[in-house]
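Both of the next two complexes hold chain A, though its partner changes from chain B to chain C.
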Partner chain A sequence: MNGHTNHDRTIWVGSHDAHTLDAVSAVNPRRRRRIPGIAAAVGAAIALSACATDAPQDTWQPAGENAQKIHDLQWPVFLTAGIVGVLVFGLLAVTVLRFRDKGQSMPEQTHGKPVIEYLFIAIPAVILAAIAIPTVGVVMALADTDDTECVINVTGQQWWWEYDYEVEDDGTICGFAPTAAEAAPIVTSGQLVIPADTKVLLRGTSRDVIHSYWIPRLNGKRDMVPGRVHYLRLSSETPGIYAGQCTEFCGLSHANMRMETIVLEPDHFQQWLDNELEPYTSPEEGTLAAAGESTFITQCSRCHQVNGLVDDRGTDDPDDDTLVVSYPDQFVYSGAAPNLTNLMGRNTFAGATFDLLTDECRADVWEADPEVFGERYLAGVTEDCLNEIELREWLRNSPAKKPMYADAEMLTETDGKTRGMPYLALSEDQIDELIAYLLERK
Partner chain B sequence: MFTTGAKLLLGATVASLAGTVAYGVLAEGTMGTIGLVSATVALATLAGIVIFTRDANVFADEPDTFDGAAANAARPGASMWPFALGLAVTTMTLGLVTYPAIFILGAILFVAGIAEWILQAWSERASADASHNAEVRSRLAYTAEMPVAAAIGLGIVIYSFSRVMLGVPSKTSTIVAFSIVATIVLIVGAIVGANRSITAPKITALFAVAGVALIGGGAVSGLNGERHMHEYETTAYFAEKDECGAEKTYADKHASQTVAGKAGSVEVILNPDGRLVHRKPGDEVDRVGAMQLPRSNPNNLLFRNETNEDRRLVIDLAPDYEGSPPRICSMLVEPGGVQWLTVNFAVPSFAPEITEIGGYRFQVPGVDSADLEVVVP
Partner chain C sequence: MAIIERPTDTPAVVSPDAAPAVATPATSYGVFRRPVETTGWKSWLFTIDHKKLGIMYGVVAMAFFVIGGIEALLIRLQLAGPDGTVLSADAYNQMFTMHATTMVFLFVMPMAAAFANYMVPLQIGARDVAFPRINAFGFWTFLFGGLFLNTSWILGGAADGGWFMYAPNSSVAFSPTNGVDFWALGLQITGIASLTGAINLIVTVINMRAPGMSLMKVPIFTWMIMVVQFLLLFAIPVITVALFLLMFQRSFDATFFSVEAGADPLLWQHLFWIFGHPEVYIIVLPAFGIVSEVLPVFSKKPLFGYPLVVFSGAAIGFVGWGVWAHHMFASGLGPISVAVFSVATMAIAIPTGVKIINWVMTMWGGKLKFTVPMLYAVGVIVQFTIGGLSGVTHSVAPSDTQQTDTYYIVAHFHYVIFGGAVLGLFSGLYYWWPKMFGKMLNERMGRWNFWLTIIGMNLTFGPMHVLGLQGQPRRMYVWTENRAGDGFFNIGFWNLIASIGAFVLALGVLLFFVNIYVSHRKGTQKAPLDPWDARSLEWITTSPPKEHNFDRTPTVGHLDEFFHRKYEDRGEGDHHDYHQVATAEEIIAEEEAKGDSHIHLPSPSYWPILLSLALPIMAYGVIYNIWLIVGGAALALLSMYGWGMEPHTAPDDDYDPPAAGTELEVAAHG
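So, the complex of A and B:
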C-alpha cells in the first residue's frame, strides 16, 4: 500500500469537470471544503450558547448553598476532564499527523512496555481518587438533614407538582408562626415558596409515575417515586424566582411539567403565609364573581378544592351551609387536582407552564432585583396584569392547550378517569364568570 | 396411450356426464345438478391427468427404467404413520363432540403424522441404498423431532415432579422427601461415575426405572390431588368483620411476622412505653405530634412494634366513601417485628365526615395510650 495514499485524490481531480461516472458519484470537492466551515459554525454555536445570560436553568449559576457545593465540585472535575481531554486528543492529533504514512519504512514492532503501562494505570487511578474524595464528601453533605429548619411536602403527578406545608409540633409552618389565623396545612401547586436563608427539606413522592424535582440553580435533582418518600434540600440567600422542570420522562406532557421555587425575605414569607391562611371571602353578591362562585361549585369543585368555600345556594339559614369538599380521586387518575384557594397568588399555572401575568407584568416580577422582588411577587395577579387569554383558553379546552389524556375515548385503561383536566364544554358566559371569580382567589 | 386406469376414469366421466344431463332434465334439482357437474369435472380432470402421465406405466420394452426406478429398489418399510393418522382423525372427531383442546391435540397429531409419512415415503425412495435413505431422513427430520421430543420429555418430567411435590401431604415432608431423593441421585451418580465397568444397557435400565417411577408417581399424586393449601388473607379490609382487634385472627395465623424495613418509607412506631411516634425519611428524631400525609395517595407505612406483645395498627377512614374501606389495619406484628400498611386517604381531614369521627387517628387495640393524629390536607 505504501505510496498509494493519494490514489483517490488523483482520480478525483482528473475527473472533476469531465462528465464521467466518477464525477457523478464522487463528493463535490467544493462541498468537501465546506465541511470544516460547518463544523466550526456548529462548534461556535455550542460554545457561544454557554454564554447565554437568559438561562434560568443554569447549573453554572448556583444561587443556593447546595447548588454551590455541587458547583464547587463540578468545575474542578470539568477542568480536570478538560485537561485530560485536550492532552489525549492533542497527542492523538500529533500521532496521526507526524506518523502518517509518507512511504517511510515500517517501524520496529515490539510488544509491551511495562513503564508506560504502569503509568497509564497509575495516572488515571490518581486522578479518579483525587476526584472521588471530594465527590463523596459533597454527596454526604447534600444528604445531611440534621440542620433542617423547615419541611415542605412535594407530590408529583401527571403533569404538575403539589406542595403542602406541614404544621410543626410547635404550631409553626416552616419555622414561621401565622400572625392572625391558626396554623393549618397550606396546599399550593406549581410555585414553591420558601423563606430566604432557611434550610428547607423537601419530602417528596408521586401519585402516579416517577417524576424528578430539579431546580438547577438551587440543588441537584431528586426522583419522586410512587410508594416511596425521598428528600431534597433547598436553600437560597437571594430572593427571586428559580425555574426548573420535571427531569424524569413521565408521559405525554412531561415537557409541560415545570416548576418554580420562589425565595422570599423572611418578612415577605410571613406575609405570604398569612395571606395563604386568610379565611375565605365570598364575592360580593350580585357581581360577576358571585355568579362565578356558583358556577365554580357546580363545574369545578368536584376536582378543585377552594378552602373554606361553602355552598349556601338555595338557603338563607347560615347554619345550613355545607362545606364544599372536592373529591378528585373519583375523576382524575392521579387522584388530585390543584388547590385553587390562592390561585392568583402564584403567577403561573398548569404545571407552571402558562403565565397568569401579561408579558410586561411578568418581566417586572421575573427580572426584579432581589430587594424589590418580594413586594412585586406578593402583589399577585391584579386585574390589569391578568393574562386573560391564557386562562380563557385553558378553561375553554384544557386538553387542547396542554396535551393530556383527557379524551373520553382514551380512558378505558384508567376506568374513565382523566389524566389532567378534561374538556368541560363551558359557555363563554360561564368562562367570564369563572375568570372574575378566580381573579379574587388570592 | 389408454391405460386401464385411463379407460376406467374416462368411462366414469362419460357415465357421470350422462347422469348429470338426465338428472338435470328430469329432476330439475339445482343442488343435485351442481353436485353431479362437479363430479363430472373432477372425474374428467383425473382422466386427463392419468392420460397425460400414461398412468406412470413403464413399457415392457424398457426394463432398465423399470429396474432403476427408486420405487422399485426396495419395498416400502412398515410405517406407523397411517395408524397415527387414523388415531388423529378419531381424536379430532372426539374433540368435535367433547372439548376443543382434544380437537387441537388431534389436529397437531394429524399434521405431524402427515409430515412424517411424507418424509418417510420420500426418504425410502431417495436412493437404492437403504442406509443412505435412513440417513437423509434423520438429517432432515431430527432438526424438528429432537427439540420437540426434548420439550415433551422435559414437560412430562417437570409436570410429574410438580405433581409429586404438591401431592406430598405437607411442606416439611416435601423438603425431607426431596432431600432424600436428591441424595440418592447424587450417590447413584457417584457410583456410576466411579465404576467404569457399568455398561450402557445397565444405565439405560436405571434411567428407564427412574423415568417410570417418576411418571408413575406423578400420575398417582395427580389423581390423588394436591395437598390442602392455606389461602393467605390480609387484614387490610377486615373492618366489617371486626377483625382489627387485639386478638389473633384467622388472617394473622400465617402472616410472615416481619418485613425488611427499607429506606424511603414513613415509619409508625409503637414505642416501648406504648406511645405511637412517627419518623419520616430525613427525620433525625421520632416525632410525637400529628403526622401529615398527602391526600389520595397510597402511602406506604412501616409499622414497627417495639413493645413486648403482639400488636396491630388500626385507622378509621371516611365511613361511607366509594372505593375506600371504612377501617383498615395491619397484621398482628410480633414484638420487634415490622409490617407494611398502605393507607390511601381519599378525603381530607377537614371534611365533615372526618371531623365527625374525631379526625384520622392511628390506634393500637389494647394500648389506650397509642394515639397518633394524621393530618391530610
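So, the complex of A and C:
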C-alpha cells in the first residue's frame, strides 16, 4: 500500500464530467484539467482502474511525470480495446443466437461482400492510426533528457542494485551542496534516494547479466545491460517510498532483486546527503558494538565497504590507523558488494528483499502521508524497530535465506568466486555483535 | 515402390477394412532391402506414410503436452501462496524454462505438424507428401530431439535461463549445469525436423495438388500451413545460427556473448526475436486454418472473404518479420527504433483483425450447428480476440514498458497461444478424429471437455492480467505477503485463483484423454463417412483413408469441392435453392468404381529413423565426449549411404500377400 490510499479511491463525479482523482492529481490540480471530461461511462471505466491501488507496484497509479505520460497514453487505449472487444463479442453473440440451426434452409453460398471486407480493414486501420500518433509522441517525449537536473549512476548486479552519486563540476551532488563536509561521491544500494520535483536521470549498466530497473509508479522499465549504458528518467512531486523490482530474468534469485526509490522534500534530501557524508565514528569502547566492529573487519569488510572504518587492532600507536578498504572483486564474481556505511538509514536489505523494519514500524514509514514521510524515513532503523529475526537469519546463513551461488561445488566456472554472499559460519555471539554494530550504521 | 493394380472393370465397394494390397517387383541390392510390413510395430517404425507419421506426431506431441502441463501445474502450485516451498528457486527456473520450451517446440509446433502431415496431402488430393522418407526423418528427428532435451532433467538439471535464454545469463559462468547445452543442442535437432518438414510441405502443396485445384481453390487450412512452412523456412535458420553461437560459447569457449571480450548482449536478443516473432505466427496460423475450415462446415456457408483470409494470412507472414523488436521495448534500443516497431506492431493487428471479422461474418446468415469442434472454433474467436486486444495495449511502446516482463504479458500470450492455437488444435482434433480413426469422439464428453477447458483457462490466465498490472513480474519463484497489497486487487488472491484455474484446466484437458478411451471402447459405432457434412477433399475417401488415400485422384472444380458434389443450386437468379444430389457414400463409391489402375506408393525405409538417431548421439558427444560425435557421425554417414543406395522398391521375396477377402486383384510388376 502506498501512503495516500484514501485519495486514490476517491471518484469525483461533476455535473458535466466524471473522472478519478488519483494520487498525482491530488497534489497537482493541473493534471485534473488535462484529463478530458467525457461520458460517465468512461469515468466508470477509469474508476475501475483507480480501484486497483492495492499492490505497491501497481502500474495504474502513476506518481511521477513520466509514469503519468504513460498513463495518459494507455488508459484511452485500454478503453478503446475494451469497447472494440464488447462490439466484437456483441456481434458474435447476436450471430450465435440468431443463426443457430432452427431448421432453416441451406444458406446462400456467398463468398463474401467486398464492401464489408474493406470496411473492416479501414476501421481498425483508423483506430490504430489514432493510437499510433500519440504513441510516437510519448516515445519521443520520454526519451527527451535535455532538462535533466540530476544524474545518478545505477548498476545492476546479481541480485541487488548499486547507486553512485557523483560530485558535479560545481561541487554539488544532484544540485545540493553538502552543509558541513566536502562533497564526495556517495555509494549506496537497494534504496535510491532522490529529491522531489527534480528531473533525475539514471545512467545505468550492469556488472554481470541483464537486469531491468523498474519503479512502476515513476516510469516504465529499462534494461541495464552489461557493456552498455542505458538511461531512464525518474521524478516525482510526492515524497514517499516507491517499490520496484528487477524485471529482466537475471538468474537464480531474480525474484529477490528488488529496489525502492525514495522521494524526499529538498530539505530532507539535504539532510540525507549531509548524513551520508558524515565522517565515520567508531562505537564506544567496550560495548557490544565495538566488538562487532572487530568482527565486521574480520568477517565482512573483505567485501562490504564501510566508509572511514579504520583497523587499529594490533597497534598501540593511535596514529597508526589503517583505513579498511574492502576488495570484493577478489571474492565476488560480479565484482562488488553492497556498501554498508549507512545500512540502517535504509529500511530494506539484501537487494531490498527483506525489511529492516518490523511490520508495524514498516507501516509507519511506508504508509506515511507525504508531509510526514521524510522525517520518518530519515529516522532510520532504531533498535526497537529492527526486524531482528530476518537479519539474524540472514547473518546465520544468507544463501539459505536468499538462493545464491555461494556453494564451493557450484563455483567451478567462476574461479571459486561467489555470486552473492557465502555462508560465513558465524557464531551466535558474533551475530549479536554484528547486529549491535550495524545498528549504529546510519 | 508398392504398386496396387486393379482392373477397372472390377466392381469396387467401400472397403476401408481391407488391408492395402502390396505387390513389389524383383530388384534387390543385397543388404539394402526395404521393409515391407504393413502391420505391427515395424510398420510404424519404418513407415513413410504421411498418415501414420501424422498420427505419431500427434501422439508424441500430446505426450509432451502432458509433460509441459505438469510443469505448469508445479509452477502454479509454487505460486498459489506466499513464500512457496514446492520448488526451489533453481527447480522453478528450470520448470518455467522447460514449460515454455516444451509447449512451444514439442507440443504446439508438432501438433500442427501432425495435422499438416495428415491433412495436407488429403486436402489437395495427393497420395503422400513430396519426400516421404524425409517426412519420416523429420518426425524421428523431432522425437529424438525432444527426448534428448528432456533427458537433461536426469543428467544434472534442465536449462534454467528462460525459453528466451538471454545472453549473458546463458553463459557457463551464470548457468553452470549442462541444462543450457541440452537446450541449445536439442533445439538445433528439432529445428532440423521443422526445416525438412517445411521444405517437404512447400514442395507438396506447390507441385502435388489435384487437377483443377488452382491456388485460390486450395483449402484454407492447407494455405495457412503453407504460409507457416515459409515462415519456418526463414525463421529456423536464424534461431539455428543463434543456437550455434551459443553452443560454441558454452562448449568451445567462444566469446560471441562475452561482454568482457567486447560482445553486445543485444545480439542474442535480435537473433532470438527475429526467429521468435515469426514463431508466434508459426504457432497460431495452423490453428487459424483449422478454425477457418471448421466454421464454414458448421455454418453451412463458405468461408467469408476466402481471398482476404488467404492474403491476410500471407500479410501476417510478411509483416511478422518486421515487428521483432517489440519484444525489446525495454532493452534500450533508442526512441526511433521503438517508435517504428511500435507502429509496425499496430499494423499487424489489421490482418489479424480481418480474420476475426471474417470468421464472425462466415457465421452470420449461416445455419449454425454447435458441435464440439464448432464450440472450440467459436472459443478461439472469443479467447483470441481478448489476447489480440491486450496485444494492442502493449503495441503502445510506452505502455509496454510498464507491462513487459510482467504477468500481463503472460496473460496476453496465453490467451493467444492457448486461446488461439491450442483451442484451435482441439477443434481440429474433434473435427478430424472420425477421419483419422474412423470413430466419433463422444459429443457429451466433448462438451464437458470444452467448457472445463474454457472455464479453466479463463480462471488461470484472466487473473494474470490483474497480477501484471499490479506489477508482478514474470519468472519470480516466490512472492511475499509484505509486497502483495491487501485490497481487492491484491496479488495473493489472484495468484490463488490462477492456481485453482490451472487445475480446472488440467481436469478439462484430462477429459479429452478420457473421451478418447470412452469413444474407442468396444461397441462404439463406426463414424459415418461424412459426419459433419463437410466441404473439402479429405472427406471424399474412406475413414481412415486407405494407404493410397484416394482410389481415383479427384478432379477439382470448386473451392469447396465436396460440398458442390453433394449439393446443387436449383434456384434462379438471386433465389437459391440447394438440393442434395448425392450422399458421401455415393460419391466415394463412384470414386472407387472409377479407381486409378496404377497407384504408386513409396515403400517403407529403415534409414530415416537411423539417421535421426545419429543426431542426439552427436549432441551427447558435444556435451560429454568427442568420441560420441565420431560414433554418431559414422551412423549418420552409414544411414545416408543406405538411404542413397536402397532400392526404390521392396524386393519380390519380401512380398506380403494381400489380406484375405480383398476384392483387389494384385499383380507383380517388374
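To be clear about the criterion, the second predicted complex is superposed on the first by the 386 of 442 C-alpha atoms of A that agree within 3 Å, B and C clash if a C-alpha of one lies under 4 Å from a C-alpha of the other, contacts with A are read in each partner's own complex, and residues count from 1 in each chain.
The criterion applied here is as follows: a residue touches a chain if its C-beta (ideal position, glycine included) is under 8 Å from a C-beta of that chain, and two chains touch if they have at least 3 such contacts.
Note that the structure is predicted; figures quoted are calculated from it, not measured.
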item: Combined model on chain A: chain C and chain B, fit or clash; value: clash
item: Touching partner for A:Pro56 - first (chain B), second (chain C), both, neither; value: second
item: Partner chain in contact with A:Thr412 - chain B first, chain C second, else both or neither; value: second
item: First (chain B), second (chain C), both or neither touched by A:Val310; value: neither
item: Chain A: partner with more touched residues, chain B or chain C; value: C
item: Partner chain in contact with A:Arg203 - chain B first, chain C second, else both or neither; value: first
item: Partner chain(s) touched by A:Leu323 [first = chain B, second = chain C, both, neither]; value: first
item: First (chain B), second (chain C), both or neither touched by A:Ala379; value: neither
item: Chain B versus chain C as contact partner of A:Leu288, first or second or both or neither; value: neither
item: Which superposed partner A:Arg228 touches (first chain B, second chain C, both, neither); value: both
item: First (chain B), second (chain C), both or neither touched by A:Thr145; value: first
item: Where chain C runs into chain B (options 527-535, 635-643 or 653-661); value: 635-643
item: Chain B/chain C common contact set on chain A; value: 225-228, 230-231
item: Partner chain A, residues of chain C touching it in the complex; value: 88-90, 93, 160-162, 166, 168-169, 172-176, 259, 262-266, 299-308, 330-332, 334-335, 338-339, 342-343, 346-347, 349-350, 353-354, 356-358, 360-361, 363-370, 378, 381-382, 385-386, 389-390, 392-393, 395-406, 466, 468-479, 482-491, 559-560, 563, 567, 569, 576-578
item: Contacting residues of chain B [partner chain A, same complex]; value: 264-266, 280-284, 287-290, 292, 294-298, 300, 322-323, 344, 346-348, 350-352, 375, 377
item: Chain A to chain C touching residues, read off their complex; value: 1, 51-60, 67, 69-70, 73-74, 77-78, 80-82, 84-85, 88-89, 91-92, 95-96, 99-101, 104-112, 116-117, 120-121, 124-125, 128, 131-132, 135-136, 138-140, 142-143, 158, 208-210, 212, 214, 216, 219-223, 225-228, 230-231, 243, 245-256, 258, 333, 355, 359, 362, 403, 405, 410, 412-414, 419
item: Interfacial residue positions of chain A with respect to chain B in the complex; value: 145-146, 148, 151, 153, 155, 162, 164, 166-169, 184-187, 201, 203, 205, 207, 225-231, 305, 307, 322-323, 325, 327-330, 334-336
